[in-house]
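Take a look at the structures listed below.
In what follows, chain A forms one complex with chain B and a second complex with chain C.
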Partner chain A sequence: MKNDNEAIRAEGIVKRFGDLTVLRGVSLAVKRGEVVCIMGPSGSGKSTLLRCLNWLSPPTEGTVWLAGEVLGTQETPNGTRVPLPDSKLRRQRSRIGMVFQSFNLWPHRTAIGNVMEGPMIVSGITKSEARRLATEILTRVGLTEKADVYPAKLSGGQQQRVAIARALAMQPEIILFDEPTSALDPELVGEVLDVMKSLATQEITMIVVTHEVGFAKDAADRILFMDEGLIVEEGSPSEFLENPKEERSRQFLERYLN
Partner chain B sequence: MELSIIFKYAPMLLQGLQLTIIISIGGIICSLALGSVLVALSRSGIRAVVILVRVYTEIILGIPVLVLLYLIYFVLPEVGIRFSEIPTGLLTLTLYYSPYMAEIIRGAINAIPTGQVEAARTVGMSNFQIAKRIMVPQALGLAIPPLTGICIGLVKDSALLSIISVHELAYQTKQAVARTFAPFELWAFVAFCYWAILSFWEVSMRKVEKRVTRYREIG
Partner chain C sequence: MFNTELFFNSVPTLATAAVVTFKLFVCCVCLSLMFGTLSVMLQLSNNRAGYWLSRTYVSVMRGTPLLVQLFVVFFGLPLLGIKGQAFLAAALAIGLNSGAYTTEILRAGIQNVPVGHLEAAASIGMSRLRTWTRVVLPQAFTVSLPALTNEFTIVLKSTPLASVVAVTELTYAGVIIQARAFSAIEVFLPIAVGYIVIALSFTQLARWLERRLRDFHT
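And then the complex of A and B:
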C-alpha cells in the first residue's frame, strides 16, 4: 500500500454509533499537495469521516493509511490487528492537523501560546525556538500584532486563524478542516477563506468539509459529495459544480448556489 | 469588660489557634486529596467502584458532621478501631468534606469544553499533558470560589473537635472561660479571631482567582 505520492488513504470506512450507521464504507485517497473539498447535506457523515481520518473517533471498520503507514492499529505476530499504543498513536496524530468548526482554542493561552503549545510540549523544541516558529506562522495568517492577546479578545475570524496557525505549527502532512467558517459571522468568513486559499497554493495537503461553494471552486482540486454515509459523486470543481451527475448533488447545489 | 484577661490568657489561646490552623490545613489537604481520588475513581469506568463512591457520597451527605465525629470517636472503638483525639478529628473532617471537594472538582473538570481536549489530542498531546496543561489551569479558576467556601466551612467545623477534647482554639477558650468566668471578653475575642482569619483568607482567594482567570477578560 506504499505510494510515495499519497498523503492519506482510507478504505472501507464504516462508523456505527450503537444502532446508527453514519458511514457505510467510504474510501478515498488524497495526494500530497492536493486540496479536496467534501460537500453534502448535514448528517451525511462529513464530519464523522474527518474524525475517523485522525482517529479522534476510530472507525468501526476499515483502514486508514497515513503516507503508507496504517493509522491507529498494528499487527500482532499472530496476524490480528490491535489498537496502537497511545505513544505511537499520538505521534501519528501530530502529523495530521485539524481545524474545528468551533475553533477550540485554549482560552488560558494567548494567541502565540496556542501556537507554541504543540511544538513545545509534543515536539519538544525549546520555548524560544517555539516562539520564533509561532511568530513566523502567525505572520503567515496575518496576526503578528495579536500574538500576546487572549482568545477572549479576538474576533471569531481571528480565533479561527489562530487555530489554523496552531495546526500549521506542527508541520503536519495534512490538515483536516471541519466546516471552518460555519460558526463565523458572514463578514468574517472571507479572512479565514483567504488564509486557507493561500495555504492551498503553498502545496499544503488539505481536506476541507465546507458549504462554501466559492472556496471549493477557487481552491479545490477535487470535490467529493457525500450523502447518507457514502461518497456519491466525485469530480473536479468545474465538473461537479457546473454539471453534477447525481440527482442528489443537483438538489444540494441548487440550494447552496441560490 | 476586662481586656487584661485576654492578654493574660493569650499564650493559651494562641496555642489553641496554632492547633486550629494545623488541623484546618491538614483537613483541607487530606480532604482535597481524598476528593481527587474520589473523582478519579468515579471516572474510572469500573461499575462497582463508581457505585461504591456514589454510596459513600450519599451516606456522608446525609449525616451531620457532629454525628460522624461521634461515630468515629465512640462507635468505632466498640469494633476495635480506636484513634486518639487529633487523628479522629482529622479523619472526621477528611471523610466529611472529601465528597464536597470531589463535587467541586468534578464540576470544574466537566465545565471544560470537550473540543479543547480534542484539539489537544489532534496536536498529539498525552492524557497527562492534557490534564496538566489544558484542564488543571482552567479548572483551578473555576474551582477556587466554591473551594474557598467549603474550606471556610471546614475551618469553622474544626471548633466541634473541642467536644472530644482536641486542644484547639474553641477548647482552649472554654478552658480559659472556666477559670476566669469572663465569657464575654474571651468568646468575643475568639469570634473576632475566627472572623479575621477567614475574611483575610476569603479576600486573598478572591485575588488569586482573579489572577488565574485573567484570560477571560474581554474588555
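And then the complex of A and C:
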C-alpha cells in the first residue's frame, strides 16, 4: 500500500445510511500535486465520498490512506481495527482541507479571523504569527483589503475565497472541494475558479467535485465520473469530455456542455 | 404628607443597600450564565448521563418555587460546612434557578448554529471543546442576547427574595426603615428609582453589546 508519491488512496469504500447504500465500493488514488475532478449526477454520492475521505462521515466499509497512513482507525495488538482516538483523528483531519458548497465561514469572525483560527487554535502558533500567515494567504486569494471585514459583508465569491484561504492556512496535504461554485451567482464563479486554477499550478493536491467543464478541461489531470455510488468512468479531461465511453457519461455531458 | 427629612435621612442607608442589590444581581447573572452554559453543554454533548442530569436540573428548577430553593440552599450550605453565608446562599439559589432558564435560551440559540459551521471546524481538526467555545457558544450567545437580557431583568426583580434570609438588599433596607418610621412612600419611591437605574443600565449595556455583535449578522 505504501507509495511515497501518493497523497490519498481509498479502497472499497462503501457507505450506507440505514438501508440506503450510497457508495458501493469506490476506490481511487490521487498522486501528490494531482488535480482530480469528480463529476456525476445529483445523488450519485459525490459529497458522501468526499466526506468519507476526510472521515467527517466515516465509511461503513473500506480503507482510506493519507500519505500511506491509515485514516481514522488503528490496529490493536490482537489484530482488530478500532476507531482512532479523537486527538489523533483530529491531527489527520487537519492535514486534509475541505471547501464546502455553502462556504461555512464562521460569521462572528472577520475574514482574517476565519483564516487565523486553524493555525492559532489547532496548530497552536502565536496570534501574531497566525496573523502574518493569514495575511499572506489572503493575498494569494486576492483579498488583502477585505481582511477585517465580516463574512456577511462579503460577496459569495469573496466568501468562498476566504474559505479556500482558511483551508490553505492549515497547509494541508490535499484539499477537497465540494461543488465550490454551485452556490454562486454566475458572475462570481470566475474569481473562485481563477484562485483554484492558480492552486492547481502550485502543485497543490486537489479533489474537486464540480460541474464546471471549463475548469476541468484547464486544470484537471484526471476526471472521475460517478453514478449510483460507483466510479463508472475515468480518464484525462480530453478523453472524458470529448470522447466519453459510457452511455451514462455521454448523457450527463450532453446536459452540461450545452 | 411627604416627609422630606425621612427621605433625606434614608438616602445613605438605601444607597448602601442598593450596592448590595447590585452586587447580588451581578453575582446571580454570572452564576446563571455559568450554570446555563455548563448545563446546555451537558445536554447537547451526546452523553446520556449528562443529558439526563441537565434535563433533571432544568425540570426541578422550573418546577419548584424560588423561595423553596432559596431555603434549601440556605439551610443546606451549613450541612456542607459553610455557615452564615446568607449572601452566598441567595446568589447561589437565584443563579441556579435562572441557570435553568438560561439553559433553555441557549439551547435554542445553539440549535440555530448551522451544522456546516461545525463541519468546517471539524475539517480543520478543531477539538470538540474548542468547537464549543470558539464556534458554537459565541454565535449562540449573540442570537440569545435579547432573550437573556429579558431573563436577567427578571433576575434583578427576584433579588428582594434574599431578604428572607436577612440579606440587607435594597427592598429589605426599605422595610427596616419603614417599620421604624411608620412611613413608606418616602422610602419606597427612591427604592423603585434604584431598581430602575440598575435595570436601565443593564439593558443599555445589553443593547450596546447587541449592536456591536449585530455587525456581523447583517
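Basically, the second predicted complex is superposed on the first by the 258 of 258 C-alpha atoms of A that agree within 3 Å, B and C clash if a C-alpha of one lies under 4 Å from a C-alpha of the other, contacts with A are read in each partner's own complex, and residues count from 1 in each chain.
Please note the rule applied: a residue touches a chain if its C-beta (ideal position, glycine included) is under 8 Å from a C-beta of that chain, and two chains touch if they have at least 3 such contacts.
This is a predicted model, so every value here is computed, not measured.
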(request) Could you tell me whether chain B and chain C fit or clash when both sit on chain A in the superposition? (result) clash
(message) Looking at A:His108 after the superposition, I want to know if it touches chain B, chain C, both of them or none. Which is it: first, second, both, neither?
(response) both
(request) Could you tell me if A:Val122 is touching chain B, chain C, both of them or neither one (first, second, both, neither)? (result) both
(request) Using the touch definition from the top, say if A:Phe100 reaches chain B (first), chain C (second), both or neither. (result) both
(request) Kindly classify A:Arg81 by the partners it touches after superposition: chain B alone (first), chain C alone (second), both, or neither? (result) neither
(request) Figure out whether A:Met170 sits in contact with chain B (first) or chain C (second), or with both, or with neither. (result) both
(request) Considering only touches as defined above, state whether A:Asn54 meets chain B (first), chain C (second), both or neither. (result) both
(request) Would you mind listing the overlap between the chain B footprint and the chain C footprint on chain A? (result) 54, 56, 86-87, 90-91, 93-94, 96-98, 100, 102, 104-110, 117-118, 121-122, 150-153, 163, 166-167, 170
(request) Can you check the complex and tell me which residues of chain A touch chain B? (result) 54, 56, 86-87, 90-91, 93-94, 96-98, 100, 102, 104-110, 117-118, 121-122, 150-153, 163, 166-167, 170
(request) Mind listing the chain C positions that touch chain A in their complex? (result) 114, 116-117, 119-128, 130, 134-135, 138-139, 142, 213, 215-218
(request) Name, in rising order, each residue of chain A that touches chain C in their complex. (result) 54, 56, 86-87, 90-98, 100, 102, 104-110, 117-118, 121-122, 150-153, 163, 166-167, 170
(message) Residue numbers of chain B touching chain A in their complex, please.
(response) 113, 115-116, 118-127, 129, 133-134, 137-138, 141, 214-218
